[in-house]
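One chain, chain A, links the two complexes that follow: it is found with chain B in the first and with chain C in the second.
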Partner chain A sequence: MRRKLVRDKASRPGVETVVVIRLYVSGNAPNSMRAIANLEAICREYLKDTYKLEIVDVFEQPIRALADGVLVTPSLAKVSPAPAASVVGNLSDRSSVLLALGIEGASR
Partner chain B sequence: MSSPPGVRASNAQHSGMHGAPAFEDLIRRLIDAPSERQAIESGQVDAILDPLTGRSILLPEAQEALRESQARDHSLVKLSCDWQWEKDKDYRFTSCEGARIGSWVFEDKAIIGKRLWDLPFDNMSQGDWRTHRSEVKRHAAYRDLELRSHDDAGAVRFFTVSGEPIFDNRGNFKGYRGTARDISSLRLAEAASQRSHGIVRSALDALRAQICVLDSTGTVLYSNAAWRAFAATQDCTGIGLSEGNNYLAVCDNAGAHERVNGSAIAAGIRQVMAGQREPFRYEYGCNTPTGRCEFMLTATRFAGDGSASVVISHEKTGVRERARRFPQLDDLVARRAPIANRVLAAMPREEYRRLSAELEPVSLTFGDVLYEPGDPIRYIYFPGDCLISLLTQVEDRMALEVGLVGSEGMVGIQLALGVGTSSVRALVQGPGAAMRMEAGRFQLELKQCPSLQRELYRYAHQLMVQFTQTAACNRFHVVEARLARWLSMTRDRVKSDRFHLTHDFLADMLGVRRVGVTNAASALRKRNLIEYSRGDITILDRKGLNAAACVCYRIVKKLFDDSQH
Partner chain C sequence: MNEPRPAHLQPLPKMPTGIEGFDEVSQGGLPRNRTTLVMGRPGSGKTVFSLQTLLNAVRSRRERGIFVAFEESASQIAQNAVAFDWGLPALPESKLFFLDAHLSPTVVQSGDFDLTGMLAILKAKKERMGAGWIVFDGIDVLLAMLRDPVAEMREIYRVRDWLADNAVTAIITDKLDGRAPEVAQYDFMQFMVDCAIRLERRLEHGASVHRNLLKMRGADPPAPVAKVTLSSAGKRRNPNGSGNSGCKKTRKEVRDAS
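Up next is the complex of A and B:
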């Protein structure tokens, strides 16, 4: 199983701002798997077609993770739009993920 | 599969120290970063990255989980293949382990150090190997490469081999890892099945009858040599079809064509497919280079679990040929239901004996159509224990029953009056046995046999009374009384208080809409005269039902009863 999926759901560029996010994981270790599931659920619910998610497996791309300044896995980085933000852990705390992604008014 | 470095044997490589200053720096950065620290403390982190190399230092829980998942993967791999192997970067086997099932190639230790193309497989050409070698040179994964070899005893063995390249952490090619399976039993079974398929085909090809096999949509899956030869020269309904064509569609499009009714054939085959009828037989005439021939189409359900559904056969028949070919069937019909037709029974013994030489016992099944309106009459029928409805058709869709023929009469009476075509549809409504005679023969016999003439004229008169009475009845009497009449008439003819009839069928018989039948049947049920469920009708009170029937029933019955004395 190659953990290098790129979800490009921005089918209508320019209509809405596309949120580019990157999730660093360690293979299929338990917290990494949980983080993927949690993040996908949040994106489906709040961002629909307006996000671009890249999952980076640090086992396969250690140098890249290092260059991006990742200290631990799993960790999530919002790349654009500014401001950049990050969340560490398995993303079970929804509110901090929503805050980092800049999704306002969502208090669930 | 991504390989978690922390789980492999070289654990120290990942969790080991890479210089104290770097490690201290890492710890310091973690302590300084409150969110990372908090995530580690709450057990939400899998790995910490070595800031010098980027390698992962797995936390104990993650390490354990990955070890388990790898063990799980390993056992699944073992289940799904016979052998697992690894090759080095020169494509030489470094390990191969797994089952001991007597397939020497992958079980022999001599395989170590050899390349796949050094092994004694005999199905790969030089070109095949060149293709494979260029694939692995590109470090491409390969799936199910099929190889063949012979074991020590000389028996042929088939294998499939799959492989995937492996790379180290820096992305350098290390070799291949993969699996192999022995698929000999599968391949041998396939070969055996192909052989038996071939035997079946040549057996069918050797038969004189034209045979084809249809799938559940009516598409011709297979046809035998006789069929193909006939198809090449003929264009009779359905018979000029080759494999891949849809038989039902052709029959549907043909509609009613002189003496072949395509719609009736299609309907019969669909009934066979649905399991409502077994088998379906249809006789028809067809012009062939050697003159006009009679054929019998038989559709039989196919009792296999594959896609085949129905076997169609066309056989050349004639009265005598049929009797010769199906003596057992006819014996069976004759034994099961001794023919008790009243017209025949009324004949003097001598004349009956002469007639019976020309009579042929047949078994009629529910839904058989003996004639369509406008059809030339080829056979006349003396019903035994079966029941035939005479239906008149209005505007091609509405049907109305005008007469009912059972053991008291004959189907095809027009011929006795010199009319060679049928004006009505004769539909078998109660299955059973009958005697039939070829039309030409019947006309000859009729001329020579005054008692038969007398009996048939008498019956023609009775039938005329039935027609006129039915016409008046359909116009003046309520559906409930007509239903009661119809059920009573059916009872008299099949001599049973129970029979199977759907509401749709009854609606056709009485020329009313289905809802009219439902209302009338409920009314009769309320009066405790009948019981019905799912088309099974039981007469509870015969006298009550006779009384509920309109006067037409008693008029026709009296006439028939009188004629018997």
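Up next is the complex of A and C:
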């Protein structure tokens, strides 16, 4: 039901639009674990339940990761809404993640 | 004089590069399933040397290889290759696979990253293709993004371990700094590889002449400096009137392909 909101261009970003993101990790490599924790904190704080997160383990799906253009891990892809964006790293620099995700209040 | 040498000093089995002159000097090519470091200043021909070796293996001996391009996009490299008449575009991806490992400038960085994912991808691809060769070209470009020498070194060691675990004949290119030409970007790598080649490019009598200096584990004395000339058939040793087989003789201006 929330999926419909993705197509609803009138809705304000960061409020009701569902942000679809994908995080590529490699098993439990330290940077990957940190990225998951950092991203979950960001999502809890800024996106509440208006996001859809898929975590892809490159160790389990290497060929898919290759097809998706993943180079280094961890890396985060914002699938929708447009514009698409990608962030590499353990997401410790929160402001650059917020900016890439197009989340309002990024200046906080 | 010919006392048997201890095992660790025995010459390693070799894989020919197909680069005429080089295979003679190196007594057969690059050490098989080991790593060779190719050092040189920008424009010295590191990329050309690596790509030519890979192409020769794929075309002449039906081997398969992966070229990981960190510095230039795969299409730029293909363009450079076109200038050498290498017929690169004709090769199917199942035989020669280019991984464009050039991060787009639009990618945002946030914190530390590593190559664990990339190496997992390469392992899967290598196994799927049955690739026996891999080239890491310009890995310093990606690692510089870490902005942390310790993290850079950590990733280099990670690559080394991966290469040791994955029975593959590998070439890693390493830039020599223009300001301090004796020091390579990852100088310490010389001590963890089985073969190190230093490429130099000089202009002699209007032609671009490449020299290489070779250090090979298990070879004594160290192989001499060889002159090679880039031609449309790749690198050849300075061909003093030799009527060599099958090599096209047209020399072409060297593009900055390293």
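For this structure, a couple of remarks:
Here is the rule we go by: the second predicted complex is superposed on the first by the 92 of 108 C-alpha atoms of A that agree within 3 Å, B and C clash if a C-alpha of one lies under 4 Å from a C-alpha of the other, contacts with A are read in each partner's own complex, and residues count from 1 in each chain.
Following the convention adopted for this analysis, a contact is a pair of C-beta atoms (placed from the backbone, for glycine too) under 8 Å apart; a residue touches a chain by one contact, two chains touch by 3 or more.
Worth saying up front: this structure is predicted, and the values here are computed from it rather than measured.
Because the two structures share chain A, they can be overlaid on it, and in that overlay chain B clashes with chain C. Once the two complexes are overlaid on the shared chain, A:Gly102 sits clear of chain B and of chain C alike. In the superposed pair of complexes, A:Phe59 makes contact with chain B and with chain C alike. Once the two complexes are laid over each other on the shared chain, residue contacts for A:Ser92 go to chain B and to chain C alike. Residue contacts after overlaying the shared chain place A:Leu71 against chain B and chain C alike. Applying the stated contact rule after C-alpha superposition, one finds that A:Asn28 touches chain B and leaves chain C untouched. When the two complexes are superposed via chain A, 132-140 is the only one of 24-32, 132-140 or 222-230 in chain C with C-alpha atoms clashing against chain B. In the superposition on chain A, chain A positions 25-27, 29, 31-32, 58-59, 62-63, 65-66, 70-74, 86-90, 92 are in contact with chain B in one complex as well as with chain C in the other. Per the touch definition, chain A reaches chain B in the complex via residues 1-3, 25-32, 57-60, 62-66, 70-74, 86-90, 92.
For chain A in complex with chain C, the residues that touch the partner chain are 24-27, 29, 31-32, 34-35, 38, 58-59, 62-63, 65-66, 70-75, 85-94, 96-97, 99-100. Against chain A, in their complex, chain C makes its touches with residues 99, 101, 103-104, 106-118, 120-121, 123-125, 128, 142, 145. Chain B makes touch with chain A in their complex at residues 1-5, 26, 29-30, 33, 35-36, 38-40, 42-49, 51, 53-56, 58, 61-62, 65-66, 69, 169.
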